[in-house]
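Below are the structure tokens for one structure; questions will follow.
For reference, chains read A, B, C, D and E in written order, and residue numbers begin at 1 within each chain.
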Amino acid sequence: GSGPETRRGPLVLAAASLQEAMTQAADAWAAKGHARPTLSFAASSALARQVLADAPADLFLSADEEWMEAAERGGKLRAGTRRPFLGNRLVLIAPANATPPASIAAALSGLGDGRLAMADPDAVPAGRYGKAALTSLGLWTGVERRIAGAENVRAALLLVERGDAPLGVVYETDARASRRVRVVAPFPAGSHPPIIYPIALLAASAAPEARGFYDFLLSPEGRAIFARHGFTEPAR
Amino acid sequence: MSFEVRVEKRLGGHAVAADFTAEGPVTALVGPSGIGKTSILNMVAGILGPDAGRIVVAGRALFDADAGIDLPPEQRHAGYVFQDDRLFPHLNVENNLLYGQKLARARDARIEAGEVIALLGLEPLLRRLPRNLSGGEARRVAIGRAMLARPAFLLLDEPLTSLDEALREEMLRTVERVRDQFRLPILYVSHNPEEVRRITAEVVRLSRR
Amino acid sequence: MSFEVRVEKRLGGHAVAADFTAEGPVTALVGPSGIGKTSILNMVAGILGPDAGRIVVAGRALFDADAGIDLPPEQRHAGYVFQDDRLFPHLNVENNLLYGQKLARARDARIEAGEVIALLGLEPLLRRLPRNLSGGEARRVAIGRAMLARPAFLLLDEPLTSLDEALREEMLRTVERVRDQFRLPILYVSHNPEEVRRITAEVVRLSRR
Amino acid sequence: MTLTAAEWSAVALSLKIGLVAVLCTLPIAFALAWLLARHRFPGKILVDALVHLPLVLPPVVLGWLLLVLFSRSGPLGAWLEDWFGISLMFRWTGAAVAAGVMALPLMVRAIRLSLEAVDRRLEQAARTCGATRWRTYLTITIPLSLPGIAAGAMLGFARSVGEFGATITFVSNIPGETRTLPLAIYAELQVPGAEGAVTRLAILSVLLSVGALLASEWLTRRGRGKDAHVL
Amino acid sequence: MTLTAAEWSAVALSLKIGLVAVLCTLPIAFALAWLLARHRFPGKILVDALVHLPLVLPPVVLGWLLLVLFSRSGPLGAWLEDWFGISLMFRWTGAAVAAGVMALPLMVRAIRLSLEAVDRRLEQAARTCGATRWRTYLTITIPLSLPGIAAGAMLGFARSVGEFGATITFVSNIPGETRTLPLAIYAELQVPGAEGAVTRLAILSVLLSVGALLASEWLTRRGRGKDAHVL
């Protein structure tokens, strides 16, 4: 449970896709005798807007660099604390019970009138990475009209889990978390810009242990927790 | 035999009951306020269900608890002038007047719309909505609507309320004409003994037991 | 001088006008249906604004277009029996009756609630809601409410409609008592010449020009 | 303000989906309102609660329920597919279903309020004039509850135009097919610095519903007018 | 069904926020409904459109607007901070504001429908009986529009309980402070295979609003009852 007012843990604004790993990290930190951090999960865009509106929070973990960049330009980050924190991989998935196609290209050519589920390719970070990857593989024009743009990666995952879409593009972390989908193949790392989850302390941060928790997350011990959920070291 | 009414009905704590058979064309129904005159008219019209009894009008059984007969109001063909008018607020006077006529399969067009409108002096009001009518004007529209529904019998609940002397006289003469010419059975509620005396000798008097 | 009424009002295409001064306690207002009797009562009560004119009751100017006087209805202290009752549907009979009394600063308690309730035979109905009343019962509640509002004058729009002979007699006697004992000015609309004759000699007759 | 093709498409889709949703939901909403206003039956509170469901549950959950029901493997979806060859998944018709479901509770409530205010004695009067039960509904009950019907249609349309969560969850965000104004707005909101585009789209939403507002006011006023036999 | 502490907290928060939102919005909604039902004034259609705004715009946009208005640097936020030392940011009070704003159009419409159905002649009768304009509102107009007030409160409460987009955008998703049932459901939806938890939370939402439904039915029935001087 959370401590009394005087020992309040830092308030962490984190992208929703980090929920499980982040919760475990907070538990681990609290287990060391620290005040448990308060975690608020939402879309990176919503959280970044709150940061820009001077939200009284301590830490911000975004699912993409763009919103972190916007927060920094707005002067809302504590100078020098913005770091690339985590990386991730993009994979093509299919329902677990479907027959496995040989490759990404083979899978996509067999799409027929089925849909390719992915986060909105024009807006949501995972969708934009996916679009870039498919474009560089020369597959985008073939599937462009078959895209089902979901609200976020988890919604895309759901469509594939239920078999409503025969294929989907999601993060490897999402694919690993679900038993009802199978990875067809990962996208080559070079086919899209590096996937980076940046972290930063906020200028408005006032909680005494904010810095401590930030350091903990970036420490090998902290990173190990995220690695267990499939997150990688961010590409430099 | 124009009306044969034998009904019982509990309303709240109060019991309404009537048992009469009327021969003549016009039957007056009188009695103190709250005795159940309107309730009886409602039962004859079919909008209030008796607890028990039997209602026959002009030889046609409208309700018979024992025989399981209970005709819906639209098959009873009453021309009912309600005590409280009940004009349709969204229809103008003309459409109120013609509402019943439009629905009746031209059973018999003995009573002409033009004639009724002239008789009741409603020409200047045809385009008006009910909310813009005076009390007496609304009363006249209610009377006209009932007469134009091509009724098989009339139920008149204090029809002359709010009418001035001249209109009252006109209306009484009309009722007399309907009585004598068309021989429609009429059940007539009134508190005015003079009115009753003029129109019929057959008076059913309800009283508290 | 009880009433001094000089008003003009256009209603739709129709023009209502009156110009009379009444001395006696009771003034009867008669005229054909639709001539404007109710409209005049509404203007005296303050719920219909005249286009022009002047209204003085018992020496008090309620409305004067030239002098810019226009008292709101609640300051006119009318006891108004509406032609269409207008009982408050969400209040039971008792609360309808006492509605005005509760609001009046005990101006004068000349008319007692218990007395009025007994007179109108309303005891058994006190807990009833208006929708469960017969026509005559509702009428009596409307009369009671007006009398109990501690009025400075009475506006009675065909008050005896729907009342049986006995109640009519009772009510007429009550009006006479109010007239003689309390000397409240009364404006009385009726279509019944006999009723009018009995209650006053001062008759204002409205007619079409 | 000139619009891009994508913006036009979103406006047209929102209008189409809103109109279809309201028109198709209206009879259902009227029937439910009538049931709730006029009848007592065991389980009434359950029906009432069910009608409110789309209001109470977060839209995403509703979208998820629709997905479960109408996907090819879902009970209703399989039935629609087998019998009519219709699939709602990823189609604008699915978006209209989502919008209609979300609008339903608002429409039912408004219509029910008006129905409950209709004076039953007027219906009795119509019956004695010879009108059957159905004829009475058409000529008395419905015209007298027109304010509620208009208000319900207005609320429903506005709700449809604003519907986001159930739609994107159920039928995804497909340009030209299911990308209504809110979905287009959502896409813009994900990108920093697109506030201008968001504002433009939001203004379009508001204009759409001001149009609906004017239409519903007109309808109500007409209903109060002189010759209002609606049917 | 035993609940975890987190679930309890979400239920309690939803209830608190829903009640506060409805109670605080009710007088505003009544005033607006009264203005729209009883008055003609230039710009009326604008006020009407503004009232519908929260219905038409996607909730996320509303949340963002609230964020801009109520942030410390925003016009209203700065004012609240300077004068009252209040901040809504990341507080349950902010969630109540968001819920109230989203509920407003539904409440206004329902109340307005009932107000428009009140027979003005009864108000005139009250005036002649000596009631002032205000007294007449309290003793006649408000009791007679109770069905609409109850329906509005019910709709508003249900909408508050289901509110997600504006809340998460405005006041984030903070356990024990702003994580209401819909936000808790959102959190569970991020976990694959948590359908069970989502269902539990959804059922709790439904139960909350069934309670509200029963309360509003009771209120309406009481209003039709015998002694209904509400004030």
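The rule we apply is simple: a contact is a pair of C-beta atoms (placed from the backbone, for glycine too) under 8 Å apart; a residue touches a chain by one contact, two chains touch by 3 or more.
Source: prediction; values computed, not measured.
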Chains touching both subunit A and subunit E, listed by label: D
Residual chain clusters - subunit E taken out, nothing else repositioned: one piece
Mutual neighbours - chains that touch subunit A and subunit D alike: E
Most remote chain, CA-based centroid, reference being subunit C: A
Taking each chain's C-alpha mean as its centre, the one farthest from subunit E: B
Chain centre separation in whole Å, for subunit C relative to subunit B (CA means): 29
Euclidean distance of C-alpha centroids - subunit C vs subunit D, Å: 50
Whole-Å gap separating subunit A and subunit C, where each centre is the average of the chain's CA atoms: 78
Interchain centroid distance [CA atoms averaged], subunit C/subunit E, Å: 44
Where subunit C touches two or more other chains at once, by residue number: 84
Multi-chain contact residues (two or more partners), subunit D: 60, 64, 165, 186, 189
Shared interface positions of subunit A, touching two or more other chains: none
Set of all touching chain pairs, with the criterion as stated earlier: A-D, A-E, B-C, B-D, C-E, D-E
Touching residues on subunit B, where the partner in the complex is subunit C: 11-12, 30-34, 38, 83-84, 128, 132-137, 139-140, 157-158, 161-168, 191, 193
Complex interface listing, subunit B residues touching subunit D: 45-47, 72-74, 76-78, 80, 82, 84, 86, 88-92, 95, 99-100, 103-104, 127, 129, 145, 149-150
For the subunit D and subunit A complex, residues of the former touching the latter: 60, 64, 67-68, 71-73, 89-90, 165, 168-169, 172-174, 179, 186-193
Contact footprint of subunit E on subunit D as seen in their complex: 45, 48-49, 52-53, 55-61, 64, 105-106, 109-110, 112-114, 116-117, 147-148, 151, 154-155, 158-159, 161-162, 164-165, 181-182, 185-186, 189, 198, 202, 205-206, 208-210, 213-214, 217
Subunit E to subunit C touching residues, read off their complex: 121-122, 124-133, 135, 139-140, 143-144, 146, 223-224, 226-229
